[in-house]
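Shared chain: subunit A. Partners: subunit B in the first complex, subunit C in the second.
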Partner chain A sequence: MGLTSKSTGLSLLKNKYDIVKEDRDMIVIALAGNPNTGKSTLFNTLTGLNQHTGNWPGKTVSNAKGTFKYKDKKFLLVDLPGTYSLLANSVEEEIARDFICFGNPDITIVITDATCLERNLNLVLQVMEITDKVIVCVNLIDEAKRKGISIDIEKLENRLGVPVIPTVARDNKGIDELLEIIYQMINGNIKTNPYRLKYSDEIESIIKEIEPILIETLGTKYNTRWLALRLIDGDKAIFNSIDNILKKYSI
Partner chain B sequence: MIHEIPLNKLPVGKKARIKVLSKNVLPKRRLMDLGLIPNTIVKTERISPSGNPIAYNIRGAVIALRKEEIENVIVEIID
Partner chain C sequence: MDSVKDASSRILNILNDKLKTDANISDSIVTTIYEKAEKIANEVLMIEDKKKINWDKKIDDILTSKIFGYPIMLLLLGLIFWITIQGANYPSQLLGKILFGLENKLTEFFMYINAPYWLHGILVLGMYRTLAWVISVMLPPMAIFFPFFTLLEDLGYLPRVAFNLDNFFRKSGTHGKQALTMSMGFGCNAAGVIATRIIDSPRERLIAIITNSFVPCNGRFPTLIAISTIFFSSLVSPKFSSIIATASVIGIILIGIFITLFVSKLLSKTILKGIPSTFTLELPPYRKPQIGRILVRSLIDRTLFVLSRAVLVAAPAGAITWLVANINIDGISLLNHIAHFLNPLGNLMGLDGFILLAFILGLPANEIVLPILIMSYLSTGSMIELDSLDSLKNLLINNGWTWVTGLNFMLFSLLHFPCGTTLLTIKNETNSTKWAVFTALLTTSIAILVTIIVNLLSILFK
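Now for the complex of A and B:
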């Protein structure tokens, strides 16, 4: 049995993440980032909700959801747990990773901490390896300024190949720009060209062997190159995630 | 003389350069995700009363690590 309407994005979201879209046109946005970079603050700013925010890592363990409108579009925002990585060292990472890979969000926003940007870029690169539809928020830009750090947003944007927006989520700064970029991206007015890692010839040739098999079993809905890389990694958690998808839809 | 020691032996206030990470794949991956890769400079910020965990400044963020996670990480004291 091939992919059916049941196995596509909507019902997957509903089953795995308990996400119910109010209508089909709703656009799903995932919010990812390192712990304690202001994901929940941005989430509250965008949705007007009052999800608990706190100054400690690990506060958001499962997904929080909220909706908002901008111009003629309705959005569903999913606040993922804070992680340093998507290579599933922990439950939080697995939740975040499965959502970005199998939940097929329309856009993934990666929120980063301007005061220690470098260490946040690991996650940015990992997210960009899974999906093209990425927006990077450089948050806490005010704190960085106080510490004498200035960020060359344009250069970062050029190097990453995705939109980069400086924000101070706490003070609502940069939020209008972010909304506009989201809107333009949904309407197809912004094309991204994410920086992708090239692996050694040996790894690339193994990917070429594995990927067709993955496409045969899973279809083209998921990022099979990335899944192939995880299989090469010997990542056991990804086997479970693939298994769950296969079982659920008895492909 | 080169001062190469396990990371958990680095005294408070001292800086060191990472030479070797763990040999096991999983712990190594985790440390790398936290920003520890060879040649990264780390500084011991403070040690908890029981001596474990220990807080390090790693690339601008203070992160507490357990002794078991870092006793295989070899560093070279630089300051």
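Now for the complex of A and C:
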């Protein structure tokens, strides 16, 4: 039909996530989150770029990279497609997941919707399985307040083990705090201790057997526990992803 | 790479060995994640017990209700067009007066410096006049229409439109999200085509791409508004003229939506067969619109963008039109030769050769079709001052237009081939020239067919 999943925008975009050489000396920040939580708004606020924002889910179909400066550091911000999970049920999820795992961003910001925190926490927990360097933004805090919802930020920070910042991205609220936390984290002044999920005994025991094999081949550069988990989950695509990464770096 | 192969086979062995139990591992993993998320959420969330009225739901119940959904949709759209038509009239005239006054000054200047006839022709009568038309006719309606459209988008109304229309699209054998991409098409068809990326099924996505240009984009709205104001408002007393003009624009949009559904159905029954896939459309919460940002975004991003594109294309197109109108072969201008050639088909469609030529020359951008047409009428007929819709009306009527011509012009504008940018986008998005050509052929055939039918009917019932 001429139109296959390969020829559509999303898979073409896969290439766009490769960070080019001149970007290497910049600090790479990935921006993840559920659809319609304000990722593009935050992206625009931070980078000053004018990505199309609009109040409907799935609007960010093409993805954007933008740069910004804070104090003496230069940052590269990558706006990932909005997803509810990272279990690779769709191309968007696969892109987001591969970038967080193999793109090695220096920091991953997960932006969440304060009005439906529970659903958003699913994604936060999954991101924290892949990487330690996570900052959580609880966005739309004003809307939540109007609905009579308030969130104990300190307790949330405590439970998650990573910095949590309440924001109202469209009114620029909480952005300064976010920038400062990013800066402190890059300088190593903030240590995170992300909560790691414990699975059933059966799953945990298989992880113990698979992980050493992965460390043998891949080293410790990637999160082998998470890779092992994905393999147990029956995710065949992850084999290809690992293969591609190895090819790229062994030559 | 042997070590990787070795590792993966060892891992597969372990998995085959250990995962004997058919207990669903994926489910177990997902459950672990969800339970933890729920636990944390319960710990940190404090929900006030006072009974807050769920306004979102109350509003949604009305806006997406079976009874009120459609009328409200039409009323909102109608209100926006009415304000646009009412409000654009005066500034359009003012801009026209200023810009065409400047044209006279320019002409005087060219006479003064003794410029050759052709230079004055190309620069002033060709380029400047077309530009003046584009700006005076298009800028005011855009500056009014775009902020309102952006306001609806910011409020979160677009997904409700999609929700209302979902049923129709499913009945046409296509994806409900096509309602969303179609709504995007009202802004710009090229953007609408890109927006189809939210549709996963290649078959449904292709249908959404092919049919996207059946809804009028921002570039065509000013033309539709101008023509409907001229020809349909005169049918009733001046008091109701803008209401009738509004109604006819909405009528054109409804025809566009109907054709979209019809062609979608046709495609899904013939060359793009398949079962519509199900999906869940999330209705986002209503959000307080940010007036400042809306104004900036709609005026700078949209209005200036569309206008500058129109200006960029209109200037050379105006020059070319003037040249074509003034290069004579056998004593008759090239323009007349071409128009004469296109005339039989044009007449059959209730139009004329000049109109068809204007659409062909307007391929780069739909915005310039009307200015080109005015140019070609002006260059052949008597020179009149064109500084208001009234003088445009006289010009068109002098060239044999009736309300049937006006209607067919609007229909052809609605249904004909997508603009150059959209065609290029289709080519890029489908990775094939074939689908872009197919779209152009299909839409144009439908446009020709519909206008011929309307024309024949009008002759029959005269």
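FYI, the second predicted complex is superposed on the first by the 221 of 251 C-alpha atoms of A that agree within 3 Å, B and C clash if a C-alpha of one lies under 4 Å from a C-alpha of the other, contacts with A are read in each partner's own complex, and residues count from 1 in each chain.
Following the convention adopted for this analysis, a contact is a pair of C-beta atoms (placed from the backbone, for glycine too) under 8 Å apart; a residue touches a chain by one contact, two chains touch by 3 or more.
Since the model is a prediction, treat every value here as computed from it, not as a measurement.
Once the shared chain is lined up, is A:176 touching subunit B (first), subunit C (second), both, or neither of them?
neither
Of subunit B and subunit C, which one touches more of subunit A's residues?
C
Is A:122 contacted by the first partner subunit B, the second partner subunit C, both or neither?
both
Is A:200 contacted by the first partner subunit B, the second partner subunit C, both or neither?
Only subunit C is touched by A:200; subunit B is not.
Figure out whether A:84 sits in contact with subunit B (first) or subunit C (second), or with both, or with neither.
first
Which parts of subunit A are in contact with subunit B and also with subunit C?
In the superposed arrangement, which is not itself an observed complex, subunit A uses residues 85, 87, 115, 118-119, 122, 234 for both subunit B and subunit C.
Spell out the residues on subunit B that touch subunit A in their complex, using ranges where they run on.
Per the stated touch rule, the residues are 25-26, 29-30, 33-35, 58-61.
For a test of understanding, state which residues of subunit A touch subunit C in their complex under the given definition.
For this pair, the touching residues of subunit A are 1-5, 7-10, 35-36, 50, 54-59, 61-62, 85, 87, 90-91, 115, 117-119, 121-122, 124-126, 143, 147-153, 155-156, 159-160, 170, 195, 197-200, 202-203, 205-206, 209-210, 213-214, 216-217, 229, 231-234, 239, 242-243, 246-247, 250.
If we count contacts the way the header does, which residues on subunit A are in touch with subunit B in the complex?
84-85, 87, 89, 113, 115-116, 118-119, 122, 234
Which residues of subunit C touch subunit A once you look at their complex with the stated criterion?
By the definition above, subunit C touches subunit A via 1, 3-4, 7-8, 10-11, 14-15, 18-19, 21, 23, 25-26, 28-30, 32-34, 36-38, 40-41, 43-48, 50, 52, 153-156, 158-159, 177, 180, 194-195, 197-198, 200, 202-203, 205-206, 272, 282, 284-285, 287, 290, 293, 297, 301, 429-432, 434-435.
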